[in-house]
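Consider the two complexes below, in which subunit A is the common component and subunit B and subunit C are the respective partners.
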Partner chain A sequence: MAVPRSVLPLLFLCFPLCWAQFRSVHDMIYVNITAQAPCVRLMNATHQIGCTSAVSGNVGVLHYCAEQSDVDWLIQSAKNKPYMPLMVPRLFTYENVQGLRASGKISGILVAYGNRSDPQPPQAGFSPVHKCPNDGYGMYSDHPEYAHCKNTTWNPLGSGLSYLDYDFPMSLLVNQSDIDYLIDCHNRFNKYDNDSNQAYPLCAVQIKDRMDGAKDSITCIRRSNLNINLNPFVYCDALGDKNVWGTLRPLNKSTPLNDSKELIVASAKIDTWSLFHNVGGVGANDATGFIALLAAAEALGKLDQVEKNAMKDLMFVFFQGETFDYIGSSRMVYDMRRGEFPAKLNDKVPWQPSLVNTTNIQYFLEVSQVGLWEQSGGLWAHSDPVSQKTSAVRDNVNAIFSAIENATDSTNISIGKPPSFQALPPASLQRFLREDLGVPGIVLSDHMAAYSNNYFMSRLDLPAEIGMDIPANLKPDEAYDYTTKQGESLTKVATVIARTLYQLASNKSPSEAAKITASSSTINHLLYCFLQHANCPLFAEVLSSKSVAALKSLPGPLPRYVSVPQNAANQISQVVANLLTFYLGERLPNLNTPTECKTPRYDHINSYIFMNGRPVVNTTDNTTSYASFCMRASVQFSTAVSPAFLSNEMLHSNEYSTWTESRWTVLNAKIFLVSSEAEQTITLSVGVVVILVSLVLMYFVNTKSDVLFTAPEAEY
Partner chain B sequence: MTVKEFFGCTFIAYGPAFALFIFTIAREPLRIIILIAGCFFWLLSLLFSSVLWNIVWPLKDQLAFGVVFSVLFQEIFRFFIYKLLRKADEGLQTFSDEPPTASDKHTIAYVAGLGFGLMSGAFSLVNVLAMATGPGTVGINGDTPYFFLTSALMTSCFILLHTFWNVIFFWGCDKRNFPAVGFVVGFHMLISCLTLIRPLQPATIIPAYCILLVTMAIAYKLVGGSVNNLMAFLTCKRAGYASN
Partner chain C sequence: MNLNRVKDEDKLELCRKYYYGGFFALPFLWLVNVVWFFKQAFIRPAFEQQQEIKSYIIKSLVGCILWTAVLVTWMTIFQMYRADWGEIADNMSFIIPKGIA
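Here is the complex of A and B:
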């Protein structure tokens, strides 16, 4: 609590015992940590995971752990508990966290993640999520052979670190100056002389991030719904955001899809997760799927209108919240099966897209992680063995596979089929098949069995790990155009996807499909913008001027955590929607202002987006203006909040994702010195002695005042 | 800093004043009125100091300016309360059952001084104590780790100093003994400026307590004490023998 400014003049005037420095007492004791990404508490129907501090915050003696020996020292011989270790990322492993936790000597953990602390991912790999991601919510939840990844362990490196419940806080420090200050404070006060007892005062840290929600989502929602006073208190919110979907050609209810099976769906997930809240720049390999799909959408969007009209309906879907038990896809399937996707038909609205159901889907192509195919010997086309027992499904799956095969032949990528008994990896397609085994689909990925990505769903799934090293000496605009190794290989993947989709949609020969190529510059730009710096020319061109301004303050890439639903879609979903509109839509040259470029009220098929455009420098007076423009495309958002939160029965059904995020009110951390217990006791004892002596002395002085003061002056 | 240290410092700073209050003031309503008057006048001096500090904005960051004028205002208001209490003397006596004695004037001076000191003590330490309950202790920016302890000791010292200064000041005014008045103002200024030079270090505490001892001795002498009386008190002689 800082001393309010209005009190300061009083304080410093009134006492003669003012100190010379014009500082509040708070500033003499505390130094605030300026930025942190906390580990927050999440809950599902049965558990709580994540971290919380005590109500009054957790305090611990700072210990900088730069080497494994420092951690071992803490666990084995540290005496002044509780401690608050500051770890370099390399040491933040399952074993160390569990060891420290079991030692009972720590009150929290800080992880240094500044721009100078090299993350140095462990060679052995690091994945803090489960070995079997999204277990129980895919299509095999009670299949005798495939349930719980019995058949294939997809993420063998998964330690489950992120899915544990911690009763202490953990924070990622993202500001290098904070980290430097902490290390300096550690060196000044806490330099341990091996095992000898350290002299006080010691440098300590307090983290305060009490989580309001507790136990599980069901309890938390029930508590939030109790209206015991006029100010209802909400303890947690369901996770969710918006899916982005768009079609190459508008779907119109005047020509319904029926069950003719003429719809092709191409999907990818956009979200990822890290233990630490909303840290951007993670999940690089995870992002390759949707980046490749966006580039493929661009390649197909360039086709001329006549050709597009002759093709089958092609729908691109970008799912949100898939990390948390398939939030986005489960909701889309739920809406589809109820005849509410994209929206209930309404006679009062003349222009509405036709209803889409799972039964309309002829081919489903999902792009999973595809960044590491060169290491794993090519792309792999996964399909589901259960649904392929039906010959119609099998034929369609084979049709997709042969289209991919043709496309890979022309791009020099090898494509493989995992053994036919192998189940589908975790994918949105599983949610479609869970409801409707008649959906023929393939999941395209860079792994045959276990993930090629050794850093799955961790903050170490960094661009550098997928061959996106950009020379450090490049200027931002050069880095933006720089072709990385990943850029080259992902362009090939995007081309394969585009050609596959073209072939499936148009029934044309592979040689005709070969005219379609994904743009390598688009891939470079997308990779740069999504994984390095969101404040980049491509985003600046396709976003509204307001959103562009918001990006300016962002130092790195956009966070891709699904978070809780707000009125507007997450930044990342908004960017994907605008890019999809930009790639699939048409320019409307007559609409030149944001007010003109509004989606008409009768039109529920298209959306109109006014984009900021590229900067144009006026050479005469050196001012910059923007070549803004209006785009129209049939691109829409759809709700990505789990159906579990629609009714109480569904919340208890185990059918849908039940993840919620706890709310919290205070989030701060500060550095300060602590004195020893002995010193504190001495102060208290001195105080007690002073007051007792005063009381006794005054008692006697008062009763014997006639003895003490006997010679008043005569004049008085 | 923890709850332990909070209580430790509170006891150190306010313990002696609390003992004085309990045994000499609490039971007499008249004295409580005078005590509150003392508090009030100290607050008035604070108000005027603050107004001046706000008006003279270019010197806002100059701590010495604030300290010097604050001391002057405190002494001016000490004079005002002297004037007021002497004017109210007869009126106040009507509240008292006992006939006025010679030592009553000293009592009034002492009680008003304690009020003066208590209020200054409250303002100098309360904000420090408010910070003291948190987990941290002073020192991360190189400040002395004994900050809380020295603050408490200085506060205690100042409460007692104000009490004794008031006795000397009132006596000086009554007797038109200007060296006595000058002594009070001078030493108040001296010790305040001392804290400016070496803020709250053990080095300031020792001279401050030396000044306190000197001031206490002078005040004791003025109100009728002597070495003999002190010896008599220490050897537990009864009042009758000493005065006879």
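Here is the complex of A and C:
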């Protein structure tokens, strides 16, 4: 059959139009969920945890659960399975998730994040991690008395919800408009989905977030390294990032630490985790440790250079990935023991820091969660009973404790020692002691035994839970400067830390240490920037102009999930590094452009960072410029990737963290109306019947064509 | 090629070539042979080369069935135990499925 020429252009015109038509049909059927934080799959050497959808996504009838009775109805009497419950935060508990899972009636779970001001956490507390965090990777993994938190259950509310393997997706909805739309859709179509009435169509949700990795880290790393395929595929990546460390005074290899035991280490961890991927603003009490340590670093950084030179070496360390079986600290200790920390000595580099080993550490002070000390009767100094059997270690631990005692005396905080049968809580210090029992250390925290924090390692460890309520009527710049209850109490803690470190490093009397005070406005700003809004004046001042621009689009705080290693450090590690440089370093007024402010190639001791500075408004033409400046400090990144991934033996050794994150390619969720199965079957059957009938019809028409159609007179 | 236009002795030659070719681990060649020469071997009235063609076709058919049986058995075993075999199975695979053990 020849197509008339005039039709051809029409046909070409029709293709894009028809396609556009198809798109709009798609849009008429589906409404996309704009933002979600999915639960993703993680793996260690033996297990996979987290969630995944089926390859083509999971579909379920939406059911809004606002009350416990709604969940019970789903488990007991719902008939139109599978369901996709949308739960308020209060109902997302271990019991409900397990009940729904066991009922076999759900194909996924949606959780409403709720308004930030009204997250409605479960009253009894919520901690989805283990009762004994990082069990097996600390120093007591096979100790007869202390292994598996035998003496003290640190996190009694821990349900282990995050550590289970789910074969359905779970997502946190972070956009209130999505939640409103879903509730509205539920109210219009699904409200009558009860025992007596099952009226279709029903509102349904599809989630697609298929995970690529499976089984365990060993399997997925092996598969990623297979070279049989023409286009190799990576199934998972090791978790990791960068630790941040800096010294009050530069370490130089010209004066090695080799034989002296005169180094003081102050550490805190920066990362946290929640079941839902990369949710920002979680882990408020978890963050108090490193915030207090940063403020203490600022207080000590203000000392004049003469005094700094007279003091012992003081090193601040901010560990990444500690949540996942001590990634950051285990790597640092590994590097130290091999003589590779901060870096192997190289004769070609004139300026290099001296090697640091665990044997150089005289005092180790770790700041753990410290936000809730007022509720638990003061600060608590935890130490390890095993290493203190040696008198030298015991003496040094006692020296740290008396320094803290002196510092708390002058700030009206009480400091206590937990009973002597108690071992160390989960802490980076444990990784140091695991390798070297000669490290004298104390872990400072706000709990004597079990955590004071009822929302440990969950998305509900929110600023409001640690007394950081900011009156709603304040403008952003007022809120930024506002002193919350937490701000007040954390300033005291930071002061205690600064005075303790000063006293340990300088051997001066407690009364002289009392001249050092952490700045309360620094604490206010750090709390606000890390836990409320990352797009804040302090971060805008200390970051590079490029990073500041990246923060502009961020509505809340920075996520603190360790994530997988990229070329550059995580945003959060970068911010901590810049702040530490800002607090410890010196301004270089002669270097005024980013190109001038570059770390020289021969200098491996210092980092030069060009900071964006404060905005300066030019009154004559109302333009804003920035008072950018160059800072130099001995602040560095160090690798925070588990040593397990360095060799196959170590991967199998059970000695180091083996956590990996699965990759995924698609991540979306959409809402649509679904008809009953009977209706779907009828539609399909009718279609098939129509095709068959027309085929038969055509066959007969074809055989009888000479009868039906009279051939026109031959025209050729 | 239209078999009707080929002489009977050439048909036998062709059938034999396909039969021997199948021994190079090419069971599909045997299948083609069986389908192609089925009419010649079993339906057409007897002719001189028919007995020989028939024997080749039967042997091709048997070989093809044996191959199929072996392959189906292996595929079933492999699919059932792939996850348990771990590394060995991964090394045997050309495409490893995503998201399952």
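Some points to look at:
Note that the second predicted complex is superposed on the first by the 657 of 716 C-alpha atoms of A that agree within 3 Å, B and C clash if a C-alpha of one lies under 4 Å from a C-alpha of the other, contacts with A are read in each partner's own complex, and residues count from 1 in each chain.
The working rule: a contact is a pair of C-beta atoms (placed from the backbone, for glycine too) under 8 Å apart; a residue touches a chain by one contact, two chains touch by 3 or more.
What you see is a predicted model, and the numbers here were worked out from it, not measured in a lab.
Legend: residue contacts after superposition of the two complexes on their common chain; A:Val25 is shown touching subunit B, with no touch to subunit C. Touched residues of subunit A were counted for both subunit B and subunit C, and B has more of them. In the superposition on chain A, A:Ala199 contacts neither subunit B nor subunit C. In the overlay built on the shared chain, the residue A:Leu695 is in contact with subunit B alone; subunit C does not reach it. When the two structures are aligned on the shared chain, A:Thr710 is found in touch with subunit B, with no touch to subunit C.
In the superposition on chain A, contact is made by A:Thr681 with subunit B only, not with subunit C.
Judged by the touch definition given at the top, the superposed model places A:Phe672 against subunit B, while subunit C stays out of reach. Touching of subunit A by both subunit B and subunit C, each in its own complex, is seen for no residue at all. Interface residues of subunit B facing subunit A in the complex, by the touch rule stated above, are 1-2, 4-5, 7-12, 15-16, 18-20, 22-24, 46, 49-50, 53-54, 60-61, 63, 66-67, 70-71, 101-103, 105-106, 120, 123-124, 127-128, 130-131, 134-141, 143, 145, 147-149, 151-152, 154-156, 158, 188, 191-192, 195-197, 199-200, 223-226, 229-230, 232-233, 237-239, 242-243. In the complex of the two chains, the subunit A residues touching subunit C come out as 52, 55, 210-215, 219, 222-223, 226, 228-229, 233, 235, 662. Those residues of subunit C lying in contact with subunit A across their complex are 83, 86-87, 90-91, 93-96, 98-101. Those residues of subunit A that touch subunit B in the shared complex are 1, 3, 7, 9-22, 24-31, 57, 59, 185, 201, 203-204, 206, 670-675, 680-681, 683-688, 690-691, 694-695, 697-702, 704, 706-713, 716.
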